[in-house]
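Shared between the two complexes below is chain A, which has chain B as its partner in the first and chain C in the second.
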Partner chain A sequence: MTFKYNHVYLNASSTVVGPNENQGPLKDFFDKKFSDFYAGEKSWEQAEIKMMATSINILLHKLKKAPSSIDLLIAGDLLDQIAPSSFVAANLKIPFLGIYSACATMAEAMIIGSNMLEAKQINNIICATSSHNLSAEKQFRYPSEYGAPKPKTATFTATGGAAAYLSRVKNHIKIESATIGKVIDLGQKDANHTGAAMAPAAADTIYTHFKNLKRNINHYDLILTGDLGLYGKEILINYLKEEYQIDIEKKYNDCGIMLYDLDKQNVGAGASGPVSSALVTFGYIIKQMTKKKFKKVLLVATGALFSPTFLFQSKTIPAVAHAIDLEVVE
Partner chain B sequence: MQQTKYCKLVNKYKPQEERLFNMAKAFLIGGVLGIIGHSLWQLYCVVLAMGEKEAAIVTTITLIFIASLLTGLGFFDSWVKFARAGLIIPITGFAHAMTSTALEHKQEGFVTGIGSNIFKLSGSVILYGVLSAYVFGLIRLLIFGG
Partner chain C sequence: MTYLYAFLFAGAVCLIGQVILDNTKLTPGHVTSLFVIVGAFLDIFNIYDKFVLWAGGGALVPITSFGHLLIHGALDKAQEYGIMGLAMGMFDLTASGITAAIIIAFFITLIFKPKN
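And now, the complex of A and B:
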């Protein structure tokens, strides 16, 4: 399902990060940095709420707007019942839709928002997401102090919050089109190799987006996946070549690989988590687009929709990818 | 693409784990831990004039205490990341599994947090440890008469 938009613009965005992101190669591009995992709160879960709330506050400050002037907030995160998003929404008193598509959450929020803006149902929207390395590890894997050894393919959940403001008010970055992805399941069961579970979903979405808009790779300056990691990236490049005869290698990168210094930081195959693609896109890519280093960027946010319960019941990891086309307005 | 064909593609780009290196590390570190344990046992036997059985129990308790303390102080997890099975398989791993889980859930309260989660990782070890002790004890009794 692909949509074309004529009047949807990305007016502002904000990024808040934790300690690891603050040591990575993109450290100078973020709005606020917390030097520890607690961010002055009592628990990691509460720190995650603070990071998402802080990102929205920074965004409102940049826009010089009050929460009451925002028509809609769409947010989601990784924790059970997307609780951090609900607590943030409870404080802001903005009409709220909570969503979940794991690490593809931000793209899903932006697609829903863009459609409503294009249809003139709303005048503006804030999309937000967060993730926290330790609260995610606690829920999905082992206690953090346990230090369970991980294979090289395992990714590292990024810590932080990110928010974006979309409206029909003209700006230099436009949301040009978007594709809602299908859930793809090719039988992968390794929670320590989510890149392998997500690559086919990313491939399907890229292929569909190209096909529906009658485009090819030459149209873009950059194709950016969310959090496939080092090995998932290799799989995607080769899967796209074999299955769809599309070669993206020369114009392709993965947010998970860009967020950290993989040689120096002990983060496995790269960053993951809903905030990973949001931090790289809003922190770094948007600023490069403003400088016109990239003019047309296709962000393909990937989400491994895995549940520990179902994995223990020998079920697989379904995955989804949503694409958003960002374009510099000349 | 079919699942089997895709699995082949995934495996083609899967990095090799350094199994031999990891095994050697675990063997050496686990072995050193064994030497430390045995030295402690001899120390308790000779210096404190304990009986062999008592000294063995006190040795175990000492190792559990040290591992738990180091977990609490916050750096045992990085040792485990490095030594892997070398520290997980000995009694230190068992103590570490319980302490780290307790730390993880302390914010959810003494009963609903620590109490109900402390055996989350080590529960399996206790259950199947007791079960296998029973089975092997029975086999020993039936074959060797106790």
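And now, the complex of A and C:
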């Protein structure tokens, strides 16, 4: 399902990061940095709430707006019952929709918001997400105190919060189009290799987006996937070539690889988590688009929709990818 | 020489664990359980006891020792009380280890907080 938008603009965004992101190659591009995993709170889960709340506060400050002037907040995160998002929404008192599509959450929020803006149902919206390495490890893998070793294909959940403000008020970056992806499940079961589960979903969404808009790779300056990581990136390049005869290699990068220095930081195959693509897009890519280094960027946020409970029952990891076309307004 | 044997035995257990983790899709949880079961089986004909005499702490520290002690305790009690003894003795020899782990963990959490 592909939508074209004529009046939806990205007016402002904000990023908050934890200690590891603060040591990565993009460290100079973030709005606020916390130097430890607690961010002054008692637990990692509460630190995650603080990071999402801080990102929204910074966004409102940039816009010089009060929460009461925002029509809708759409947010999601990785924890059970998306509790951090609910706590943040409880404080802000903005009408709230909570969503979950793992690491594709931000893209899902922006697509829902863009459709409502285009239909003039709302005037503005804040989309937000967060993830926290240690709260996610605890929930999806092992408690970090257990010290379980991880294979090299495992990704490292990014820590931070990110928020974006969309409206119909003209700005230099517009949301030009978007494609809602299908859930793809090719039977991958390895929670330490989510890149392999997500790559086919990303391939399907890229192919569908190109087909529905009658475009090819030449239309874009950059194709950006969410968090496939080092090995998932290779799989996507090859899978697109073989299955769909699309060669994206020259114009392609992955947010999970860009967020960290994979040689120096001990982060496995790269960053993952809903905040990973948001941090790279809003921290780095948007600033490069403002300088007109990139003019047309296709963000394909990828989500491994896995549940530890179902994995224990030997079920597979379904995956989804949503695409958003960001364009510099000339 | 016991020091060398301890190093060789415990090192071999770790090597096997690492080879399994690197070459299969088994998780650390699987490997730990597997070693407990292997240790339990090695109580047959008192094989593991021979390892303990030979390598000392090197054979007592790895998790294989836990499996061995479970069965060893159960069989000891079984000789005294018959079939009921199996259940009575299962945790006899490991009780001190389990209790120590719980108590030490409790005091450590009072003092320290995990950082990363």
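Note that the second predicted complex is superposed on the first by the 330 of 330 C-alpha atoms of A that agree within 3 Å, B and C clash if a C-alpha of one lies under 4 Å from a C-alpha of the other, contacts with A are read in each partner's own complex, and residues count from 1 in each chain.
In this text, contacts are C-beta pairs under 8 Å (C-beta built on N, C-alpha and C of every residue); 3 or more make two chains touch, one makes a residue touch a chain.
These numbers come from a predicted model, not from an experiment.
Student: Quick check on the chain A-based superposition: chain B and chain C, clash or fit?
Tutor: Chain B and chain C clash in the superposed model.
Student: Classify the contacts of A:P200 with the two partner chains as first (chain B alone), second (chain C alone), both, or neither.
Tutor: first
Student: If you stack the two complexes on chain A, which partner ends up touching A:P151: first (chain B), second (chain C), both, or neither?
Tutor: Both partners, chain B and chain C.
Student: Applying the document's definition of touch, where does A:Y142 land relative to chain B and chain C: first, second, both, or neither?
Tutor: So A:Y142 meets both chain B and chain C here.
Student: Just chain B (first), just chain C (second), both, or neither: which does A:E243 touch?
Tutor: After superposition on chain A, A:E243 lies in contact with chain B alone.
Student: Figure out whether A:D36 sits in contact with chain B (first) or chain C (second), or with both, or with neither.
Tutor: It touches chain C, and chain B stays clear.
Student: Check the contacts made with chain A and report whether chain B or chain C touches more of its residues.
Tutor: Counting contacted residues of chain A, the larger count belongs to B.
Student: Of the two partner chains, chain B (first) and chain C (second), which one does A:I235 touch, if any: first, second, both, or neither?
Tutor: A:I235 contacts chain B only, not chain C.
Student: Considering only touches as defined above, state whether A:Q188 meets chain B (first), chain C (second), both or neither.
Tutor: A:Q188: touches chain B, not chain C.
Student: Both chain B and chain C contact which residues of chain A?
Tutor: 142, 144-146, 148-149, 151
Student: Quick one: which bits of chain A touch chain B in the complex? Just the residue numbers, please.
Tutor: So the residues of chain A touching chain B come out as 42-43, 45, 138, 142-149, 151-153, 186-188, 193, 196, 200, 231, 234-235, 238-239, 242-243, 266.
Student: Which residues, counting only chain B, touch chain A once they are in their complex?
Tutor: For this pair, the touching residues of chain B are 1, 3, 6-7, 9-10, 12-15, 17, 71, 74, 76-81, 84, 96-97, 99-101, 103-105, 107, 121.
Student: Please output the residues of chain C touching chain A within their complex, sorted ascending.
Tutor: Listed in rising order, the residues are 21-22, 25, 27-29, 114-116.
Student: Across the complex, what residues on chain A touch chain C?
Tutor: Result: residues 19, 36-37, 133-134, 142, 144-146, 148-149, 151, 189-190 of chain A touch chain C.
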